[in-house]
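Given below, in the form of structure tokens, are the structures.
Presented sequentially are two complexes of subunit A, the first with subunit B as partner and the second with subunit C.
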Partner chain A sequence: MSVAEVEASELELEPASGGLWRDALQRLRRSPAAIVGLVMIATLVVVALFAPWIAPYSPTEQNLEAIAGGCCPGPSREHLLGLDDLGRDELSRLIYGARYSLLIGVVAVAIGLTMGLLLGAMAGYFRRADSPIMRLMDIMLAIPGFLMAIGIVALFGEGGLLQVMIAIGVVNIPIFTRLMRGSIIAQRDNDYVLAARSVGVPSRKILGSHIVPNAISPVIVAATLALATAIIDAAGLGFLGLGPQDPATPEWGTMLTNTVRYLQTAPFLAIFPGIAIVIAVMGFNLIGDALREALDPKLRGRT
Partner chain B sequence: MLRFAVRRLLLLVPILIGLSLLVFVWIRALPGSPAQALLGERATDESIAHVRSQYGLDEPLYEQYWRYLQTVGSGDLGTSIRSRRPITEEIRERFPATVELSISAMLFATLIGIPLGFVAAKRHGGLTDNASLFLSLIGVSIPIFFLALILKWIFAVELGWLPSVGRQDVLIDADHPTNFYVLDGIITRNWTAAWDAVKHLILPAIALGSIPLAIIARITRASVLDVQNEDYVRTARAKGISTGAVDRRHVLRNAMLPISTIVGLQVGLLLSGAILTETVFAFPGIGTWLKEAIDNRDYPVIQGACSSSRSSSCS
Partner chain C sequence: MRKGLKVLLAVVAVALTATAVTLAANSSSSATSDTLVFGAASEPTSLDGAVVSDGESLRVIDQITEGLVGLKNGTTVIVPKLATSWRASNGGRVWSFKLRRGVTFQDGTPFNAKAVCANFDRWYNFTGAFASDSTSYYYYTVFGGYKKAAKGLGNSPLYRSCRAVGDSTAVITLRRPNASFLGALSLTAFGMQSPTAMTKYGADKGTLSKDGVFTPGGQYGVPGGVAVGTGPFKLESWKIGDKLVIVRNDSYWGKKAFLRRVIFRAIPDNAARLQALQTGEIQGYDLVEPQDIATIKKDSKLKVLDRPAFNVAYVTINQAVKPFDNLLVRQAVAYGLDRAGVVKTFYAGRGTVANEFMPPEVVGYSKTVKKYTYNPEKAKQLLRQAGLTLPVEVEFWYPTDVSRPYMPDPARNFQAFAASLDKSGFKVIPKSAPWAPDYVGRVQAGTAGALNLIGWTGDFGDPDNFIGTFFRTKQGQWGFNNPQLFTLLNKALIETNLAKRAAMYRQANNMIMNFLPGVPYAHTKPALAFQKNVVGYIPSPVSLEPFSTVRFVG
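Now for the complex of A and B:
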């Protein structure tokens, strides 16, 4: 930075709108962790979107001749990651599985985020709603999250894609509610809110177009990290046998649990889905951490 | 301070009542009934009605809830519909198992995590630092059950160094006055039993401790980095105190505050992971018990296990 630039930046007391985000984007581009994470997630998204074209076989197609000699032939040229216990191509199932794991993660976080933002904004802005909403969240937080997810899936009677999404989504609600409320309370008594109120802006509009945009950045970081947790939890539910049971929807956690029996003879059947989960989770964790650093106002200007 | 503590504790009362109500309503909303789960698919209507009246399941819901509150208040949690054993008795056996596992996991996490984070901060930007950052990234990204399976496969199945299931070898004859198996072995001076219990704890503890380990290492690193640049540390150094003493008496002691907060928070989160860890290692604790009870619609067990784990997760 030249002297002139330093002076210019000192002169600019109020940064232009979008400044935080432009700053953050710049810092993200220079963070190797963010780039690695983005590449991992982008690859998974592409694989998930184009699964029918990328996958060498259909996820339900069985090659019964290949497993006639016992379970389970390991990686070969025809089947790069081998075959599972029912003679299905492991690689193809992993590729299709990317769809379900990402979908579960995104939908679950979307459920938690929407409900959490709504409740958190109400609790933070309307003082009368604060206590009842937050006590309800305290009750939800008192139940261990994964246990609550198991309980919600049990409530539906059987495991499935939608059930797992809803269960993990509900578990996420109190997290986002608390975060949003905290953020809003920090903004609520700011001068610009007072100014908006004094010129007669209705409170719904103050909340929606003034406070929420200013309070949202910690929520975005939390949402990215929640995606990672949601994928782990979904795999955990699948591992306990509560995931989608349809053989045409190869969810990674369910794939892992179905092949645990062959751990001694064919460990790769459990290891490959496990690695797939680790890659997805790590990608979101890397992006989330990098975002947190990029959006931290304390680090602003230190590009 | 006392007033604040009392106020916080009083605030817990409505939460506990709300929680008990939530659990009560939720388990009765589960599809399928305990009578059906107990008697199987071919049960006749009469036998189901008999079991329902035997466990008071045909009474109106508010009466069932009142009875539940009464039993909890008197310290008796009823009988399991599945195993027909008193719930308090099963909790006495299973709760120590989960506590023992959790303590071992936290010991593993803090004993490795704090030194790791400390060394990483001392060599900020160096190889150790990057290695510890990578390790903690792996720690938070690897699903507990996957790590547990891999550990079990390598160390129990392939290498045969450690046992793969349960809390103690069935062939070992040991008394269990407290049901904390390691402690039992020490109290009764049965060293083989104690050592065997420890060996059964190692793999599950590593699996369960992996996430807390990663988080503790990260917080320690960040907190030591923060403290290192404080003025009082510079003053201490300027006074000529040796590096080791500065680290011990000034840096680490001040860095411990956020670390101990995070350790406390992680303890409350262990139960979620315990369900998966206990499943992989067939460890007879609260987690597997609760999972089975949900599958079998064993209402009294779910209520009992929830109220016994509630105390830990509420605080």
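Now for the complex of A and C:
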């Protein structure tokens, strides 16, 4: 077979698979890990959205009488996961906490993603911008992410939800920038770019409507994985006391901090938020991993 | 994914610590018999006694420096220390102190009358960052002012001069008589420090932030620096985040310490301190949480020591913040705080509800003060009466990274109070700051919101040390000017007839609880925990215990 014939036969194979995204979806559907992850996250989202209807109690309603006998009564019929150190229903707090964790995760990643995409696309496409942007990213990467997040929150003077989201978002910027830049560089010398340029399409448009859509799939994978890390980082910052100023906020990391002193008498108060964090993070990790495999061109056809 | 997993493991590890600790508790103690490791609740802010007012700093300084007089161990009885005897003349205005002979500072310089005067003159001549009620808190509250009036502070200095007569007599002249002067000299803040060392290491350099937080500028009393007194221990090293080490002063004038070395490790987390004690990493710690006492008592290797209740936890109401200058609003706060609930639930039977700013053991405690029982409806009604629309927004501050004898878990007290205030027509805006270095300075400077959580442990057994310290002068923390109250407390301060004095303080307590500059809520009996083989630690009502009497047995 000549080279032309081989290429022709490959071309014939392509339409059968029906495009990158549909392909990926099909592969995802067949991956048990992805299904498990999807179920976990779907549950979490539903719980977060419908928290007021699902939660049996208010997350901030205290019952000092109930814990006057010592901290803290464990699971019972009225309180399925027990009461915390102020007599609040632990289950209700966990349910409302899902809102904060998802919110922090999504907003933080959105911040990192937006900035990262912009910077990465510029660095990848405009050669002159490459070096300055990438050196800046190198500097940011030189500082351990979590340390930098702590520093950024400290810079604001006080902790808080918004501060935590911004800090984690900023930490994520270099990750997305590098990825996007690499991906763009791989695309920018392709024939279709050359074709677009030769018919006089402006650079901005080439970048925006031709290169970026083709270069974005690894970034999507990274974003899913970054969601998991963001939730962990948020919990970590909350645990270090840099979370919301109001200690009554049912944020999972803050819940861990507030109850760590009762480890000896009521370990469940630390274990339950811990499990919630594990579920959220695991869910996003499973989806992210499956997505990566599904979108990897090297693995195409190996379903 | 990798990173996610790693951090994830860390979270799981936290949840499993409980189990790990129980296992680790069986491992043997690592200390040698002449070194004691003590678990402190936070790092000291400075080791220069003149510029601190927090217990963790004073605890260490108290081992290094001594005052002219001290307290008998475990009591508030005044005993000779660096002065062997003293005499007051000219109606209590002139005090002449006979000094102990043959005492040297830890840097080898002699302790004499000139050194005493140098210390007194240093305090009196404080200016700039030092002349502030948040930096030299004790000096300002006891001595009422400096040579040059400090910005924004009242100034009526008690001190006039100090004269050295020969080497061993220091004559201190006051501007007016003062009944609590001698008792106040037992304060760690008035410990004698080596003038040579203070000059050499720039003890008089420092800056004050606009929020009232003092930062030393020299090498005196700071991490990695020096602090020189005459005490039974001397400073060896201090590294933030690691440890603070003091070693036995072998040329001490009195009975030398049993221990060769005491190490202070700052472990802010209560649970972590308990775990460190159980594993033998530390041999003792202060501020045992009420809920942990049962656990410690059950352990055959550990013991609990009790301190007499000598403190008060209270909520500051800063009248410089509107509308809290209105008495009705302050009353609403008092009715809106569920004090009984907090004390009953969080203090495990070791606390009583406080109705005034001093514990019942102190002379001048009044039985007839106005009491404010939790009543959300009444609070709302008072707020409406004050012409306010509900809910009334209020910035409420609480400290993080700390536990105090009167406030084992500030965040928990805060949340309970915030909830009860929210039910009483307020809308609480939560604010927090780490105890050291920000929170205490902010509270004292009046930059910690309208309400904040704080408290006080008495330094010596005098009513002036409680309500006098708080309300004798105009202070940033409270933001009010009440000449009637100031006059009464200043009169009580110089009254030498004990019965009359007690009556004046009773009157003052009644006046204070009508005026409501703040809301006291708890007196507690703090607890300490030690390994069983540590003996000689004598709990003191003022929370300052010498380590020189401590030793190991068995």
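The criterion applied here is as follows: the second predicted complex is superposed on the first by the 284 of 303 C-alpha atoms of A that agree within 3 Å, B and C clash if a C-alpha of one lies under 4 Å from a C-alpha of the other, contacts with A are read in each partner's own complex, and residues count from 1 in each chain.
Definition applied: a residue touches a chain if its C-beta (ideal position, glycine included) is under 8 Å from a C-beta of that chain, and two chains touch if they have at least 3 such contacts.
Predicted model, so just to flag it, every value in this text is computed and none were measured.
Model built by superposing both complexes on subunit A: subunit B and subunit C clash. Using the contact criterion defined above for the overlaid structures, shared-chain residue A:Ala34 touches neither subunit B nor subunit C, since it reaches no partner.
Taking subunit B and subunit C in turn and counting the residues of subunit A each one touches, the greater count comes from C. Of the two partner chains, subunit C is the only one touched by A:Asp246; subunit B is not. Shared-chain residue A:Leu155: touches subunit B; no touch with subunit C. When the two complexes are overlaid on their common chain A, residue A:Ala142 makes contact with subunit B while staying clear of subunit C.
Of the two partner chains placed by the overlay, only subunit C lies in contact with A:Tyr262; subunit B stays clear of it. With both structures placed on the common chain, the touch criterion links A:Gln62 to subunit C but leaves subunit B unconnected. Legend: residue contacts after superposition of the two complexes on their common chain; A:Val281 is shown touching both subunit B and subunit C. In the overlay built on the shared chain, the residue A:Val109 is in contact with neither subunit B nor subunit C. When the shared chain is aligned, subunit B and subunit C each come close enough to touch A:Ala235.
Clashing C-alpha atoms between subunit C and subunit B turn up only in stretch 20-28, chosen from 20-28, 380-388, 416-424 or 470-478, once the structures are aligned on chain A. For the contact definition in use here, the residues of subunit A common to its subunit B contact set and its subunit C contact set are 145-146, 228, 232, 235-236, 239, 256, 260, 263-264, 267, 270-271, 274, 277-278, 281-282, 285. Those residues of subunit B that touch subunit A in the shared complex are 14-15, 18-19, 22-23, 26, 29-32, 137-138, 140-146, 149-150, 152-153, 157, 268-269, 271-273, 275-276, 279, 290-291, 294-295, 306, 309-310, 313-314.
Considering their complex, residues 1, 3-5, 7-8, 10-12, 14-15, 17-18, 21, 269-271, 274, 289, 291-292, 295, 338, 341-342, 344-345, 348, 398, 400-401, 409, 411-412, 414-416, 418-419, 430-434 of subunit C touch subunit A. Residues 135-136, 138-139, 142-147, 150-151, 154-157, 228, 232, 235-236, 239-240, 253, 256, 260, 263-264, 267, 270-271, 274, 277-278, 281-282, 285-286 of subunit A are the ones touching subunit B in the complex. Per the touch definition, subunit A reaches subunit C in the complex via residues 60, 62, 64-65, 67-68, 70-71, 85-87, 145-146, 158-159, 225, 228-229, 232-233, 235-236, 239, 241, 245-248, 256, 258, 260-265, 267, 270-271, 274, 277-278, 281-282, 285, 288-289.
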